[in-house]
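The next block holds one structure in the form of structure tokens; read it before the comments.
Chain nomenclature is as follows: A, B and C, assigned in order of appearance, with residue numbering initiated at 1 for each chain independently.
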Amino acid sequence: MAGFGVEEKMSIIEINSLDKSFGGLSAVLNVNFFLEQNELVGLIGPNGAGKTTVFNLITGVYKPDQGSIIFNGQNITGMAPHAICARGIARTFQNIRLFNDLSVLDNVKIAAHKNVPYNFFSAIFRTPGFFKGEEIIEKEAMKYLEIFKLDDKKDELAKNMPYGEQRRLEIARAMATKPTMLILDEPAAGMNPQETNELMNLIAQIRREFKLSILLIEHDMSLVMGVCERIYVLDYGQIIAEGKPEDIRRNKRVVEAYLGEEGE
Amino acid sequence: MQILKNKFIRFCADVLILAALFTLVQYFITTGLLNQYYQINLASMCINIILSVSLSLINGFTGQLSLGHAGFMAVGAYASVILTQMLGQPFIAGIFAACLAAGVCGFIIGVPTLRLKGDYLAIATLAFGEIIRVTLQNIDYVNGPAGVLGITKLTTWPWLFAAAVITTLVVVNLINSSYGRAIISVREDEVASELMGINTTKYKVIAFVIGAMFAGLAGAMYAHFFYIIKPETFNFLKSFDILVMVVLGGLGSTSGAIIAAIFITALTAALQSFPAIRMILYALILIIVMIYRPQGLMGNKELSRQTFGRIWSGRKNEHNRN
Amino acid sequence: MLEFTQQIVNGLSLGAIYALIALGYTMVYGIIKLINFAHGDIMMVGAFVGYFSLTLLGTNIMVAMVTAMIACAVLGVIIEKVAYRPLRNSTRIAALITAIGVSLFLEYITIFLLGPSQKVFPESAFPIKAYDLAGLSVLNKDIFVVVSAVVLMLILQYIIKWTKTGKAMRAVSLDQEAAVLMGISVDKTISITFAIGSALAAAAGVMYGVYYSTVNPLMGIIPGLKAFVAAVLGGIGIIPGAMVGGFLMGLLETMVSGYGSSLYRDAVAFGVLILILLIKPTGLFGKDTGEKV
């Protein structure tokens, strides 16, 4: 299924014949795909097609029944989520999962913890290294909040923020883990067209600035078609099409899969 | 640099306040103003503060419902007594042994159980706490169910004060660091935390072990103050007692845990001669607080300089308006 | 072999008592996801009602049991209304603490009213007879306990499987919101669950009184905990699981007391609990469900 002439380019992630079933029901079946460095790829499909399951398999929330996930030349199949995150994959969630009772700033600081610049005992004995380290963490966190225009809200509780800002905070938090690949699960869900537009510009900006590869699930077809360089279509847990947006638009199987599902 | 300087000034202020508190109480004790009755309650208060602050690290900040804290206290009590009474070692060695033994037990129990969630974890820890108690009942070396009597009284006010302050300091410093934020993120959303690169299992175990170590410390203090320890003292009702302090104080509030420990100890002392009424009252307080203020006294807020500052400036503003 | 069979006979009646208490735990957990720590104390109240019915009113044992069941059903409903219902939407830990509060309240109000000492169950209410069955010694109290427990369990099965109330209970425990949409009164169903669970505990309390011939205000704690272990063993929230778990716990305990050390009897219960939690937390009859992300 892989396109021709791409092998010479270095791919950041390669997913080979991934299988996952729940209680005998196949959720993901023989899924193969890859992302190149700095590519923005969309994963689309009707409701219940298994998109989020694919994300959960990549990030280690679920262990695949079969198949392998190679990230940056390393086999990360079956690793714990935090270990996968440590290797440079960060994600957001379809149903926002922020640390609700903590401040916006703390949300981002937590994601920066994996690079904490002081050790456990400096923390307990409050050595100068601790204060210096905290300053570094704070500066780092503020940098991401500024990019996502949340710096003036840093002391607000995450749960008290409007929906669109919660979505942005989730991406800021994911960025604070310093990923090389970002996985976004419906980042624009529930946003109005203007917010969506702004968000897409932001995503484009961080992709350039941080040389990110991005994998994106989105329901808003026009959005996916607009920003993604390549698209995979998932239906009943299987990839039924792959290609450039214009090819996907004309693909017969895709149209069939979506018929009666969405009006686009 | 300025920040560091401010921090240093605040640090000096804290030290001064604590030193003043310590000297004042010490003065009352030496002059005999604080009689035996008050000294006993003072000791219970400090021990309860250690217990409730250490459990609040596990239940309040890490969000892992543990009902076996008294078990770790028992381990600490027995370990320290074995060292000081049976092996003739100094108190400090007993204290270290208590923390170490309780910490090791915390690790052994924590690693397998902490992957359980919510109610299941609660009952598993309860069961482990009870197993510790029953095991102690069956060890002849420490007199089984009869327990150890006539323990030398080594726990004095300086020990109690130091133990309570160190416990609080370690927990507060830990919580207000990147490691603490990692721990709190486990409580907030374990899955999200794990996906943000936090090794949630590791931090749950760390919090559990530190909590257990301080429970062990409390056990050592208890054993060398009250002359006698027996397994029955450390049953699951004792664990409930500690849990109640943490929950009344507010899950995720160290100052709440301290205030609740002081309050519960005082209540217990005040109603000592009416044990049944005391327990009925205690039960009613629990039920009423849970119905009308389930987040506890402090919620997850802390009593801090800012709070006092706010109350102070609020008062002043009122004065100005008047 | 004979001794082994004898142990089984002894274990059965203890197991029947555990099973009856475990049923209440499991029903309440199944419907509102609350570990009702006060459940053992409801059993204690039932035992005392039975005791007073026998001594003050001079009723026979069957009437005493029915009186205890009715009284505790009412008590269970009141407890749920007053203490648990206001907390239905708050955190699990708040509900758990409240349950601990209710438990302490029941224990110490009983101590306050009746004193802490234990009371002897009148022997005349149930004169002990021993039967010899192929070399096995079977006491009439064993038969009484097992037979009444089995009858109550059959009645419970009938209620849950065949009556409208039972169907409502199952519906609410599966999906509360959907049950509301189907016109089921959730409040009423939960009340009924508490009533039935508490009545079963009361019956167990009277049986416990007959079995051990004493009652005291703190008698509910340990059997309550063990019945809870039984409920977890069978799979908490699953009714047949509680029955099987209860009998297994009773048998296991008599075996350990009979062959090992009775001092370790209590540790065994908790050891079983930990093993089941570590190996299969959902219990013997439970199904594993993963967390949705």
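Things worth noting here:
To be clear about the criterion, a contact is a pair of C-beta atoms (placed from the backbone, for glycine too) under 8 Å apart; a residue touches a chain by one contact, two chains touch by 3 or more.
Note that the structure is a prediction, hence the values are computed from the model and not measured.
Distance from each chain's C-alpha mean to the overall C-alpha mean is smallest for B. Of all chains, the one whose mean C-alpha position sits at the greatest distance from that of chain C is A.
Rounded to whole angstrom units, the spacing between the C-alpha centres of chain A and chain B is 41. In terms of their C-alpha centroids, the spacing between chain B and chain C amounts to 34 Å.
One inter-chain figure worth recording: chain A and chain C are separated by 49 Å, centre to centre, where each centre is the mean of the chain's CA atoms. Multi-chain contact residues of chain C, defined as those touching 2 or more other chains: 293.
Counting partner chains per residue, chain B shows two or more touched chains at residues 191. Residues of chain A in contact with at least two other chains: 61, 93. Chain C contributes residues 33, 35, 83, 86-87, 90-98, 100-105, 107-109, 111-112, 116, 225, 228-229, 232, 261, 263-264, 266-267, 270-271, 273-274, 277-278, 281, 291, 293 to its touches with chain B in the complex. Looking at the complex, you find that chain A touches chain B at residues 59-61, 80-83, 85-86, 90-91, 93, 97-102, 106, 109-114, 116, 118, 120, 123-126, 128, 130-131, 133-135, 137, 173-174, 176-177.
On the side of chain B, the complex with chain A involves touching residues 3-4, 7, 170, 173-174, 177-182, 184-185, 188-189, 191-200, 252, 300.
On the side of chain B, the complex with chain C involves touching residues 59, 65, 112-113, 116, 118-120, 122-124, 127-128, 130-131, 134-135, 137-138, 144, 191, 236, 240, 243-244, 247, 251, 276-277, 279-280, 282-287, 290-291, 294.
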